[in-house]
Amino acid sequence: MAKRPKLDELDLSLGKRTRMHRLLYEHGPGSGRLLLLPIDQGMEHGPIDFFPNPPSGDPDYQCRLASEGGYSGIVFHIGLAQKYMRDYVGTVPLILKLNGKTNVPSDAEAFSAVESTVEDAVRLGADAVGYTLYVGSPAQDRDFIQLGKVREDCDRYGMPLIVWSYPRGSAVEAKGGRNSIYAVDYAARLANELGADIVKLNVPKFGDPRNEDSPAPYGKLYREWKELDEDEAYRMAVEKVVASAGRTMVLFSGGSKISDEDLLRKARICIEAGATGLIFGRNMWQRPFEEGLRITEEVKEILLSS
Amino acid sequence: MAKRPKLDELDLSLGKRTRMHRLLYEHGPGSGRLLLLPIDQGMEHGPIDFFPNPPSGDPDYQCRLASEGGYSGIVFHIGLAQKYMRDYVGTVPLILKLNGKTNVPSDAEAFSAVESTVEDAVRLGADAVGYTLYVGSPAQDRDFIQLGKVREDCDRYGMPLIVWSYPRGSAVEAKGGRNSIYAVDYAARLANELGADIVKLNVPKFGDPRNEDSPAPYGKLYREWKELDEDEAYRMAVEKVVASAGRTMVLFSGGSKISDEDLLRKARICIEAGATGLIFGRNMWQRPFEEGLRITEEVKEILLSS
Amino acid sequence: MAKRPKLDELDLSLGKRTRMHRLLYEHGPGSGRLLLLPIDQGMEHGPIDFFPNPPSGDPDYQCRLASEGGYSGIVFHIGLAQKYMRDYVGTVPLILKLNGKTNVPSDAEAFSAVESTVEDAVRLGADAVGYTLYVGSPAQDRDFIQLGKVREDCDRYGMPLIVWSYPRGSAVEAKGGRNSIYAVDYAARLANELGADIVKLNVPKFGDPRNEDSPAPYGKLYREWKELDEDEAYRMAVEKVVASAGRTMVLFSGGSKISDEDLLRKARICIEAGATGLIFGRNMWQRPFEEGLRITEEVKEILLSS
Amino acid sequence: MAKRPKLDELDLSLGKRTRMHRLLYEHGPGSGRLLLLPIDQGMEHGPIDFFPNPPSGDPDYQCRLASEGGYSGIVFHIGLAQKYMRDYVGTVPLILKLNGKTNVPSDAEAFSAVESTVEDAVRLGADAVGYTLYVGSPAQDRDFIQLGKVREDCDRYGMPLIVWSYPRGSAVEAKGGRNSIYAVDYAARLANELGADIVKLNVPKFGDPRNEDSPAPYGKLYREWKELDEDEAYRMAVEKVVASAGRTMVLFSGGSKISDEDLLRKARICIEAGATGLIFGRNMWQRPFEEGLRITEEVKEILLSS
Amino acid sequence: MAKRPKLDELDLSLGKRTRMHRLLYEHGPGSGRLLLLPIDQGMEHGPIDFFPNPPSGDPDYQCRLASEGGYSGIVFHIGLAQKYMRDYVGTVPLILKLNGKTNVPSDAEAFSAVESTVEDAVRLGADAVGYTLYVGSPAQDRDFIQLGKVREDCDRYGMPLIVWSYPRGSAVEAKGGRNSIYAVDYAARLANELGADIVKLNVPKFGDPRNEDSPAPYGKLYREWKELDEDEAYRMAVEKVVASAGRTMVLFSGGSKISDEDLLRKARICIEAGATGLIFGRNMWQRPFEEGLRITEEVKEILLSS
């Protein structure tokens, strides 16, 4: 099994250590595991994601869920952070997402533009910042430069840096697709190389015929794992990318909404296979509030169990 | 009905609160509602908009109208602000529009470039700044970065930020068009996410066959609302986007000149459905001065009535 | 007739007022009218413009003409300003042109790049700066940003800003051409909006069949004015664009060399119709020196006569 | 034979001299020769390079190898430097690689974007920085500007600058390819011109039919050297490019893994022909740890022997 | 004959005057004429230019030639300046070339990127900086902006600015080619306009059939001069462009190696026709050292003779 990084073993500045301690031990499961509630979908997808559960269109809904459910942190862009967090100070840490985009134009040359700063995060009392890196995009040069400056500011202010490391763009699609093991594995390593403290990954998917277009020897890996039962293959994939993330803690996302059974099984595998935490959005707030609290509890139990 | 944000309930800095208080309670209707007079059409469309009422080509005309009509604020670019406001100090607040473009070249990659600064606004005694965001444009990366810096300066100086949130660009046209509910709804949310204090929206339109190209489930919404009578559908659309704007106050524009009856009916619906105010330009100054004052009074009555 | 702005009625800072006073009342006609001698053609067109009168290729020629002819100012780029002005200090004010380009490559995406600064102008004792704005160019976003910074520096240092407001680029050509009333009218308004103190315009031309491609209602205007005698139409066009320039003083250019009769008739119409001044280059220095002085005198008489 | 630059003969600032002394005489072979262990492949190629020896996917593996093997320095990007070096302080100098890219998108317009700074290197106690220059890329203008700023910072802080000088991009491929003598020779000279202290080169390759597309007189050189035995041709090529690097010390890379016999023969020729050192990555860590130590020793013997 | 600018008659700052005095009167011919030795070909063309005389590949060769031959200055990029000048301090002034490019990719949109600064030049004790401007390139906007900043720094530090004014790019080739009189004449004027103290030009060439594509009236000029004998036409061309350079001193280049007879004849014509100096590279160092010294002496005699 891939080694899960421990806060005490990492060589972090005092500021980063203090803030990550809050996320890992003073909120959420409190056991060194993370459960984050992201609410950046309104920017990335528009209000479309709130149709299944209209009350979730009010960001206060997610604040309440994060607070009552006891999450390790809530992820907001600057506008929502400034307008909705006041009443939840002390109950749930803020993670300020610094860059974003809409999904309206083509993402062939995907690039997520910074619209707030690490200084904003400091000013708002945030405990981490988030940054989306589009791994393999033709616009990677601008992305590296932009991330480099954010990383530098994080080092200056002792602010933990969470990188949403997303394979994206036309070249990625030509080499197996954004969810291929090849792509996610690269994304995991890249976050470690570029100075992330925590990396958010999507769990690789199997069965996409384009996987065969990934560079060798990934093809071999697909063929081997296809023989395994689904959960085992899933576990192998998680272990592989957690290992590639090295001393960067790994969060896995839930993606679009799936059945509770699937969600919990996947959560368990991720945590057992080395993930430090989960970042579940639509799976938590695209349902009635009480149901959201219930599934939150079930996920937290999994986080506490390994 | 969508909840209308109240100044006292918003978590604003002292500077923003002071300036927004001026706009909401010390000028215009004075009841917490806004009526703004924009005169940026000379930049955005050229002098062509002044043909129906030639005296309106002199910016002093709009100054007089805003002053005598008792508007909450007048919207100028830097050149007009510096040249025409001196005699109207104290009678109508200045809102400095920071970016603009002409409509001469294609807007397939629409981008509105900053040509004045928040510091200019401070120096000129303005009570807010305006910024046009082209939601969904292929140039959105530059737009986010540019808006991010304006937003940061607004936070630094306590200057309210009004975002003209306009769906625009080739990708928007391919997904239902700039006036589709999908597009305007996204624009409303995006302004809330990016830190606007007030957002200016166009009321969505019905009946464009391209609406069917909007991502599901918006299509369903179109089909349902098509069954309603026109005013009711209009109200539903306004409520939807006001809700998506969340704690960002919403202004609706009048667009090109329509009949008084239509204008007043639309104004009433907007305000009843949660808008904080109206920003009416051509409908006010593309007519003789006295007529402009008269219709201003009628609109203000509507603003005071709900 | 369009109202001509008067220095005393404009709301200018002390620095701008002082420097504009020099241009308007202490040099040139001295009556509040302007006569500028531009010598930026060596950059914009190359030495080709000096073939009709070879001595004019030496910038000292224009210095002498401006000095002996008693112009309100001479327009130079930084290199010529630094190398040729020393002997003419006190006799003719310097206007530093800040941006330029050659006419070698295509101007489909016309953009004039800044190569000196307002600080340079201050350092050299200039009384104004010049900036070329390409109205309607696909590169307008960069142009607005660049002009915005120049404008800001002008406000900081009290330096008058003269905008060469030129319709240009592929989109302009598709909507009636750079000399259409539509285009020049837009250019006049835009300079006023963007903070010019003075705007240099070309007088619109008639008879280009592309004029019909201008947006309505300009077509109607063309058709009406075509019925007028030529001078009257010319006057109408000048009045229209002077009105659109509002509180920005208007200079008209002479363009390429024409007959003296035409030049003087056009000058007279421009001034009578509201222009504050003229900026005549090739028409003045593409002829023997004494002839240049003579025509200068005749133009100044016109300037003094209305 | 090409003259190998000696530290004492170079005109270096005290800071650069001090740090280069550490690399050349206080670590590694210690005789003025360099043996560097690069581990930037995880960024440039992804985890794919670790498949032949999975433990090498943990950067601590390379740290141990560099430390126990006694390398002159280890090359890391910022993320790995911050997370893995703590336990190896004093045993192996850090070389911070400042720019990078993934190999996912096309490299027709290759550009390697800076994501950390010379100040980061100073802060982390590094003894040199690395920068990848893509010689001949259509993006060379951005590359020169970016490298110029890094070089300036290196001069400011006394930090040695190692340039990875790689011919790359569509134009290079059309003129003989990235491994042609023409291309590598140009790369060597360019690093000397642009201010590198040390340049990393790939040894030119023979036999690519595209070599004939190199500009004359390189074709003649290919034809002459083709007559020589392979080792002799190799030596001639190394001498040529070492000479072109002038007073810039040359490191040769190993490239992808080859047989030990080939590796050692090539290493010997490089050093005998004027190289100052070797930078071997995959050839060292794409094998079991003890084997890696053994081959390290053999390479160091070669470095000490000439 | 075109007037040759004299140092005493130019309006230069003390710093520029001091440094230009060193170049004009304290080194080289010492009579107010310049003879510069450029060695930037290793960057612009690669080591290919050293094949005819391999020792010239070592920059020390040019240092010795410049020192023993008594040149007015040697032109280096930053890397060579820092590495090779120490032993020649006091014997030959340094001219730091600030921008450059390789000739590998297409120069259809030619742009030469800055990789060192005027501050570097000050720090290294240089007496001038060099900058390559690509006149007429589609990238001229970036070039003007970049040159403008260099020019500003030169004014700040009193550092003479030598502009390599080269017509280049696809538009130039369509209008007569880079060596047409039209193009070189424009280049001469542009350097004067943009603030060069000294301009380096190539002597225009005749007989290229594309010359007819130059804008009128250059065609007439070609046809007239074609009737003259070769030397006379050459002299006319030189006088024309020297006149267009105005108060900017002109250097002519030698270009690729030609016969001694041709070289000396061309040198004599240039100087007699108003050039201030010559910048000969390949013609001086693409031959054995003693021959290089001899031809240097012969060229200097020409420089001293007029």
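Points worth noting:
Every chain is named by a letter (A, B, C, D and E) in the order it is written, and numbering of its residues begins at 1.
Note that in this section a residue touches a chain if its C-beta (ideal position, glycine included) is under 8 Å from a C-beta of that chain, and two chains touch if they have at least 3 such contacts.
Because the structure is a prediction, the values reported are computed rather than measured.
When the partners of chain B are compared with those of chain D, the chains appearing in both lists are A.
Between the two copies, chain B and chain C, the Cα superposition rotates by 70°, quoted to the nearest 5. If you average the Cα atoms of chain C and of chain E, the two centres end up 35 Å apart.
Separating the centre of chain A from that of chain E, both taken as means of CA atoms, is a distance of 57 Å. The set of chain B residues touching two or more other chains is empty.
Taken in ring order from chain A, whose neighbour in the chosen direction is chain D, the chains follow as A, D, E, C, B.
The touching residues of chain C, counted against chain B in their complex, run 10-11, 135-138, 140-145, 147-148, 151-152, 155, 167, 169-172, 175, 182, 185-186, 188-196, 215, 217-218, 243-244, 246-248. Residues of chain D touching chain A in their complex: 40, 42-43, 46-48, 51, 57-59, 77-80, 82-84, 86, 99-102, 104-106, 111-117, 120, 123.
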